[in-house]
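Shared between the two complexes below is chain A, which pairs with chain B and chain C, respectively.
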Partner chain A sequence: MVVTLEGEIDLQRSPAVRKQLMELMFDSRDVVVDLSGVAYIDSSGIASLVEAYQMARKNNSRFVLAAVSQPAMRVLQLARLDKVFALAETVAAGLKA
Partner chain B sequence: MAVVENPTQLPATLADDLDLIAEMTGDFARSYDIEETLRVGLAHISTRMEAEAASLFLMEEGSGELVCRACFGPTDVTGLRLPNGQGIVWRAVSRNATELVQDTRDDPDFAARVDDDTGFRTRSILCAPLSVRDERLGAIELFNKKGGGSFDSDDVRVLQALAASAALALINARQAAAMAERQALSRELALASDIQRAMLPKERCAEFPIHGINLPARGVSGDFFDVVELPGGRLAFAIADVSGKGMNAALLMAKTASLFRCLAKRLDGPGALLQAIDSELAETGSAGMFVTMVAGVLDPATGRVRLANAGHEPPLLCCGARMSRIDEGLPPLGVIPEMFAAGCPESEIDLAGGALYLFTDGLTEADDDGRMLGSLGVERLLTRHRLLPAPERLRAVVAEVAPEGAALKDDLTMLVVEDRRDGPLLRRLYPAVPASLAEVRRAVTGALTAQGLEDSVVGDIILAVDEACQNVVRHAYGGSDSGDMIVELRRKGCELVIDLLDFAAPVDPARVVPRDLDDIRPGGLGTHLIREIMDRVEFLKPPAGAGNLLRMVKGLGNQ
Partner chain C sequence: MSQSSIVVENLNTFYGSRHILKNVSLTVEPGEIFIIMGGSGSGKTTLLNHLLGLLIPTSGTIRILGKDIHAVSALERQALRTRMGVAFQSGALFSSMSVGENIALPLREHAELDETTIGIVTRLKLEVVSLAGFENLMPAELSGGMIKRAALARAIVMDPRLLFCDEPSAGLDPVVASSIDDLILRLRDAMGMSIVVVTHDLDSAFKIADRICVLDKGEVLALDTVDAIRRSDNERIQNLLNRRTEEAEVDPDAYLRRLMGEKERSTRFGPQARKGL
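Right after this comes the complex of A and B.
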């Protein structure tokens, strides 16, 4: 299934994002996160993605970041996580992979 | 009251009396025109008590005379005035007791004159005062029991009960009317207060060199401050205090404020300005009212101020830890016009990186643990809050002497004029909570974009500042403990220096380490991001009174 994150994911919003992702991962769903509309994401937002990714590995489900916006990609690179996550150019590609 | 054999069965007359009292009380409670209701009530009472005639007297405010406001029976003496001390009515009122005169011929206080004027023959009188506690409102007077007999002690009790209920109704009606009047007045006062507030200059961003604060003691204020932009970037400012308080002072304040606004742009310098306002006030002023005022002009490019003082509290100049008073000045405006006719002296002040504080006596005379704060007290409070950005600094000083909700004895106004030539690009105070972070990012983005930095550089710096603020929110204050943080941005040559100051307990810098990136765990990322983006990150010794000071430096290259 596709989860769309938009706008500014900061310390104020990341707890809600984390909760939403965790619920899906708990059900062992395959998840593609559409990051095309993310204008800003901080370490707390990235941490939520990392936690979901780790849970997916444990459950053998898929967790893909798709259409990563430029600001989000910059933070992934700074955190050297761009090589860790499964990334897809587009949401459609993420679903197919 | 007589003991009744069967308590469930009331005597017929008593039941009638209770009905009448209940009915009258109901009428009074519903009535908007209390005197009309009293007239109707008087007719009811007379009929029930079988009186040939009755009069209702009310005490007139001011004259203290009893005036007849309603009559029942063959003669109408409405409007009749009884000067103090005359007749049975006054006796009832001054003793505050019901008077029963069974035969008027036996009572020396009976005023036969009224009978002579009207032709009515008064044989007996029953008169009950209208009073609530100690407040005497008037009296109800009944004349001649029908059938030739006299009023008796049962009648006394019934009339007392009816009079008590009427008096309560009268007091209620008067209080309701007074309350309506007070509400109307307070609505007008609130409106005047709104208009006055609209005359004060709008709050500018924290980096603007002049800030002010005004707290009126009552709804309207006799104080004002204003800032007017002059050609060439100079700023004219003024603070003033009108003698007295309330509406008169507010009106004179409005006039002085208008004069300042319109003259500041036309006249050269604060001396000429005070001279012109003085002559205008002297020509059209009201006797005994005067204005103390300081006017000045700041040139932000040189950090110099021209200042003129008319009887106002001497301004305080603060340069670093040194404070000095600017004492020079003339008497207040509107008192001795000849003194200003010869010109008003000006002081020339070099702010030298410091700040000039102007304030009304509402601050210096404010209560400080039972003593007046005084100018030394003002210096003490300014020192205590020196780390805060100007708008918060003024609010903090004022809050020390006027805690929220406390009634002020006098209007309180403060103005600060700062030399911002070497000032930061941004210096703002935020509550250290997650909800502040979006605001921090917006403000920093604005300041950096104004410096012409590339979007990608701005984006990185925003992330670093946000992460540093998060550390303050999450770790320095640690959840339950909360407080403020100050974000400061400076440009030093080709470096951007960002200071983040908090007031939490000191953090051990050794504990703030970037995480090991090979260990993929959520959390611990923030410090790594900061170090990745910034060229230097270090904890400095914070100024006294603060908790932690984090400095982040970013080289801007050729930007």
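Right after this comes the complex of A and C.
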């Protein structure tokens, strides 16, 4: 399943993002998160991705960040999370991974 | 063109009869690292306190992220506050709280996030400032450099648009000071925040600044890029850059008044103007 995040993921929006991702993870769904349209993501948004990824690992399901926009990638790199998440260049590549 | 992060126009302030800031005007642009430099008593800390909204100016205006900080409602000021982070010179960590609790405090006070998210964000910030695993220590157990980094982690925990750092490398050894500089640069590059740094550390200023504002006796002596400041032929700037001391001018009347213990005449705009943002 592809989840598309767009625009600004900040303190206001991240609780809803977390809820959506966690519901999918509870169902042990394989998820590709399309981040190509993310103009800004703050730490609370990143934390939602971390929590979902950790749950996917526990459930042996897949959780891939795909087509990560430059602003999102800079934030991931700041905390060296680009070395932690499964990343794919494109959504199509993420689905195949 | 995007809106300036800070606009100061004709700022004047007095402590008693002393004219501390004299017609200070400046702007800080989004994503800019802006250094405020000057010797002791130049007014840089007073300027910082004005930018934080802790003092009321005698005259002039200060706009932070598009808002006049002395014209907005209490609610707007509160919202503005959540978009600003401050790393104080002393760290100003709460000694009764662990490092992790200190860093999480702004999130608990100002955001509606669940505890799992707060915990992850707190530990993320500790990773960013290279303090991973120190969340359960108390501030008294940290070294000077670690306190500075913990203070920085707390200042950025809300991902502010505007970050203020007061003497971030003061009292640190050169290697640790340099690592703080690198961290400031990485924060700006990753988060795009505007960063105002008050410092008298020349090496640090030249390493991280986009522009430098040199204050001298309350006046803006120069406001320019690093290269332009280095090339300046202004004697006072060169004295500052080359660490040359200046003989203070003697005002015989004021000197005698001080020796006789006579009080200064006006207290109109004294420290009682202090006001919490």
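What we mean here is this: the second predicted complex is superposed on the first by the 97 of 97 C-alpha atoms of A that agree within 3 Å, B and C clash if a C-alpha of one lies under 4 Å from a C-alpha of the other, contacts with A are read in each partner's own complex, and residues count from 1 in each chain.
Operating definition for what follows: contacts are C-beta pairs under 8 Å (C-beta built on N, C-alpha and C of every residue); 3 or more make two chains touch, one makes a residue touch a chain.
Model, not experiment: these values are computed from the prediction.
Q: Kindly say whether there is room for both chain B and chain C on chain A in the superposition, answering fit or clash.
A: With chain A as the common anchor, chain B and chain C collide in the superposed model.
Q: Applying the document's definition of touch, where does A:T90 land relative to chain B and chain C: first, second, both, or neither?
A: Once the two structures are laid over each other on A, A:T90 reaches no partner at all.
Q: Just checking: does A:S28 make contact with chain B only, chain C only, both, or neither of them? Give me first, second, both or neither.
A: Once the two structures are laid over each other on A, A:S28 reaches no partner at all.
Q: Who does A:R74 touch here: chain B (first), chain C (second), both, or neither?
A: In the superposition, A:R74 touches chain B and chain C alike.
Q: Would you find which stretch of chain B runs into chain C in the superposed arrangement, from 97-105, 187-195 or 475-483?
A: Clashing stretch: 475-483.
Q: For chain A, what residues appear in both contact lists, the one with chain B and the one with chain C?
A: Touching chain B and chain C on chain A: residues 10-11, 42-44, 46-48, 50-51, 71, 74-75, 78-80.
Q: In the complex formed with chain C, which residues of chain A make contact?
A: Result: residues 10-11, 14-15, 18, 42-44, 46-48, 50-51, 71, 74-75, 77-80 of chain A touch chain C.
Q: List the residues on chain C that touch chain A in their complex, please.
A: Per the touch definition, chain C meets chain A at residues 111-114, 116-117, 120-121, 124-125, 127-128, 157-159, 186-187, 189-192.
Q: For a test of understanding, state which residues of chain A touch chain B in their complex under the given definition.
A: So the residues of chain A touching chain B come out as 8, 10-12, 40, 42-44, 46-48, 50-51, 54, 71, 74-75, 78-81, 84.
Q: How about chain B: which of its residues touch chain A in the complex?
A: Residue positions touching the partner: 434-435, 437-438, 441, 456, 459-460, 462-463, 466-467, 470, 473-474, 517, 520-523, 525-526, 528-529, 532-533.
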